[in-house]
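Both of the next two complexes hold chain A, though its partner changes from chain B to chain C.
Our next item is the complex of A and B:
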């Protein structure tokens, strides 16, 4: 009997992790707040008043209350399942992050590889959903989304490899817990000079992953009417918008885990960790907002060229430096 | 609890879809002026949507030429409920100076229900903002009527 009870408690604890604390609810609320801060700061940079910080919550609940239209040309099952697939993978990803002394809910030996796979699923869900909607504009959008994915995946893999090599030496570690422990002993990776190009490359990957200007070619609303999202309305659209916000949150959290984990807070780990988490998340988003405010949308081929030369080049510089033990 | 929140959100985040049915571009410029830093309707949550599927408020300008009539009706059919239709300027209300032309089909009331009509040739941005704000309140009533 006690064994049965402890099993049940374990399942409940995992469900709590997935649905509430580092998982769905936490990432959704955090992501929507970050999206609100992004819109507000962008408005202030353009000398506007801007929407309130809780605006993405209003958008989300409004879309929840709208009618969901399924076009005659669409495949209803895949069309409705696609946003949920993306949401599930994003909320699972939060479980792998040890943040400022808070240990991760799931820790494995190959976190980085799992995260790499989970990160591609939301983009793939967008592609599947767009292609299931049967609109030619969505067709253009998904082909662009695929090019964007190819563009940022290569530098992302190189950045993750660099971190693994720097921390693990010859054996290369892919466990985020090990990376956190190493940073506590040796200082944050951001302040090792050989890692600075990789950190900049990672900051440049975030806007493409989230799909904000100048890298929003897939959802260019003025050219191809929001691309893959063109036919979506109501609740599925709300979940896609939520996915975008959660992606922003997950990417900023990943940046902290990979590059800012070296701050030892001692006994103030609970409060101090929470405050530091908020500060660094907001600062990471502000980098993104700044790029958004000063640029216009790139062409698809320019985006691809930018990621495979400039960003991949920065990551490569770090990788080579780390390979020679610097 | 969520019903009240959703109804309240209807007034806070209305997304606009703009249809030009042969307008002289005057009203379109005034609508765009509302989105610029000077008037900034985004502070009330208004946003231009790229497709009618995302729209809450459909803004129609122009005297509805015979060429654009069928396209306008098709566009309005694609908007999910609850939604509002707002006309900008005198053209969609009466035909304005184009009234009596063989190629003009105004008023818009012949084809769909109009919730708010903003008169003027062209209306000032302040008038457009007031009209859009009223449309957002109607949106909430329509949502409450849906349940």
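Our next item is the complex of A and C:
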């Protein structure tokens, strides 16, 4: 029965996409590696030796093996489901990104706005999970996480609209596929000078989205003991840590889709794409690490002000420039 | 030959009114008779309205019905005509769903109140009036229905004034501002009659199209637009809504947000798209889109500052109506699709949220967020329904709020790109941002009321009875269905309403005889639209479920070997734990359940001070706002439309 076989193969292919590449496994391994690089480089910048690059993997497996403690005040169902929901939505997001002109696994199923909203699900999962733990420290943490989210969402929206206008021209588009095609024809968006402020704004959004210093107000280990994560232990904590790493990976991937999609690799797309992907992901993370190393944590109200003035201002500059056809 | 279903619209409206009187006569003593009459009337009206889907939506018919057989004579319509086109029926469906859910919910929710005969009388009057409003084809009849609606709504707002004195205040504000709105509408109707000598909407539309606009008609337009804007509670006419929604019983708040403000929106669409046919003018589009954007922003920022569950929902209602108006005001086919779909979704998720607020009130006796906490453990079904509603209104995929907002963003940005007007870019950004603020605000409710620490006073709380859970479950299911199957919903439910609004020539011909529209210069318009991109929520959800199941299986098999351990919890008497949740504002902590966004509010304190001062709570100030709003609309009309 060839039809049956081809159907089965299709299902297997989808499962492969979702679970291995570019879904769960790819994003998880990539994210943990980026987190390792981040920690290593940070340590070198601070004149420490630092952990080995694979340290996040050790941490992850160690936590997975630890006992899971559920506080009596927590709502067990929501408490345990939250990290998983966050992880699944992050790994599904990778399926919608076209990589270096090569179609995404399911590029036609979602667009920029959908991505914007899917990105909120991990944050909401963290908030709901923290809230379900019933801890006062988590209460402080989620309040800050929410303000951070309000902060970076405005510039993020503006960046995405800028990209849509730049690519679409007079017939606007939100489709990721169109953005990839346009960049292949006209060169990467990063190399259009009017888009540079938007790209910088996007790079500044990544640390807030991921929650690294100086924008880690929501987790602030030294202050509110990791906020929403305070009560978490064992496997759920491991998954939340993994989510943070995967978020870093997804955001860098999104940066490449939006701003670096114009490199045509011809038939070597797989190998070249992988190399370029790694290089640009590492570069993006290095930007983050650099900021991390030279700054101290902001207060939440300063963070909010920073995003609504400086970063939103950068995005607005690009938006206005693009609006006038530059 | 009149088909049997052509009697349905008038029977459903009359049936509700008749039942209102029957309840008052027979139902004051016996609660079974009282509730039986109400339920049967609501069921019958809803069933008849839903049946009309077959002829109107599927077969594309427009039903006209002349009261007493007074059909038009010599080209003039004298009698009162009911006319059900796609647009009217679409809002009729919203209305039916709302009052049906609310009446089921009311049975147990209202059981502790006295004078329930009056409650059901007013309830049925309200339901009948809104249904009549969307079915009628006569502007004066529309005004009468608005009057009945307003007064029933005012009386229902004040229904619990014995237990909650502030209900009386809310009702008074609603009464004053509602009366101003009604008077404006009446003035508009009178002027319209003066200049066209008819009250039939179809004929007015045709005559205005052939005559062109005179100053009188422009004035009538401004008056009617303002009057209907007051009824739909858009900024700056939104002020009574907050008090009324917050103080009315939750079942009534559901009616308010599900159908009363939709009636205003329906009126505005009817007015601008069909009666005056001004939606091809950039200036009107800009006016409506700006009012809509302002409404959604003011509504959501006010919601962020609220401490009361229902008051917060009230401001979100205002904010979501802003989305609808903005999108409808874009004047494009895509905009209408987005706006009407959002109206449908708003009816579903906001109705659901008001019902959960009612369930919380029923179980705990308060809706004050500072006094609630940790209800998820005691009320799991209500919490689950609340989360569905909260995710839907915040536009989280794959719920219905996302699907309609996604269309709205596309429509707004498409408009921006096509018209080259940067204002629409700002409106798009506002719309996207307001959605995040909505999410923030509902996170606050989630953590303050349903999750977080449980105050000692709520230890004995019980889940609400099944008859209250049922409507919540139905609404939740509809929220999910409309989000997942948004394409069929758009095609079969929203589509006919959009074509009816964009192309009134068939409406006019059905009412006034065929050929009437063409001779008066109303030409059929084209209906093309292209969605800019694709989003397949079913696909996403399927993947999501499969992967979640896989991961959970692994996790569960892992957890079973060891099992979770509960640490001993410090006693509830420990003051340290009560500091952060529960709202003792005098203590040092800045995070009480009601004040989750101090970082945000601190940075925008200038804005919040101004907006706080403007919402002074004084009826005089609010009336002044209305006058201001009317003035602006009038000036705008005369400057840009003549």
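Assume the second predicted complex is superposed on the first by the 315 of 326 C-alpha atoms of A that agree within 3 Å, B and C clash if a C-alpha of one lies under 4 Å from a C-alpha of the other, contacts with A are read in each partner's own complex, and residues count from 1 in each chain.
The rule we apply is simple: contacts are C-beta pairs under 8 Å (C-beta built on N, C-alpha and C of every residue); 3 or more make two chains touch, one makes a residue touch a chain.
Computed from a prediction, not measured in an experiment: that's the story for all the values here.
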*Contact breadth on chain A, by residue count: chain C or chain B*: C
*asked:* If we overlay the two complexes on their shared chain A, which of chain B and chain C does A:55 touch? Say first, second, both or neither.
replied: first
*asked:* Quick check for you: in the superposed arrangement, does A:173 touch first (chain B), second (chain C), both or neither?
replied: second
_First, second, both or neither for A:46, with chain B first and chain C second_ = first
*Answer with first, second, both or neither: which of chain B and chain C does A:68 touch in the superposed model?*
both
*A:222 contacts which: chain B (first), chain C (second), both, neither?*
first
*Classify the contacts of A:188 with the two partner chains as first (chain B alone), second (chain C alone), both, or neither.*
neither
*Across the two complexes, what residues of chain A are contacted by chain B and by chain C?*
64, 67-69, 137
*asked:* Which stretch or stretches of chain A touch chain C in the complex?
replied: 14, 18-19, 23-24, 64, 67-73, 75-76, 78, 80-81, 84-85, 87-89, 91-92, 95, 106, 108-114, 116-118, 120-121, 124, 127-128, 131-132, 134, 136-137, 139-140, 142-144, 146-147, 149-150, 153-154, 157-158, 161, 164-165, 168, 170-175, 235, 299-301, 303-305, 308, 319-320, 323
*Within their complex, state which residues of chain B touch chain A.*
2, 5-10, 12-14, 37, 40, 42-45, 48-51, 53-54, 56, 78, 80-82, 143
*In the complex, chain A residues that touch chain B*: 39, 43, 46-52, 55, 57-62, 64-69, 137, 221-222, 225-226, 229-234, 237
*Tell me, which parts of chain C touch chain A in their complex?*
374, 376-377, 391, 395-397, 402, 406, 409-410, 413-414, 416-418, 422, 425, 428-429, 432-433, 436-437, 439-440, 443-444, 446-447, 451-454, 532-536, 539-540, 543-544, 546-548, 550-552, 555, 558-559, 562, 564-569, 576-577, 579-581, 589, 591, 596-600, 602-603
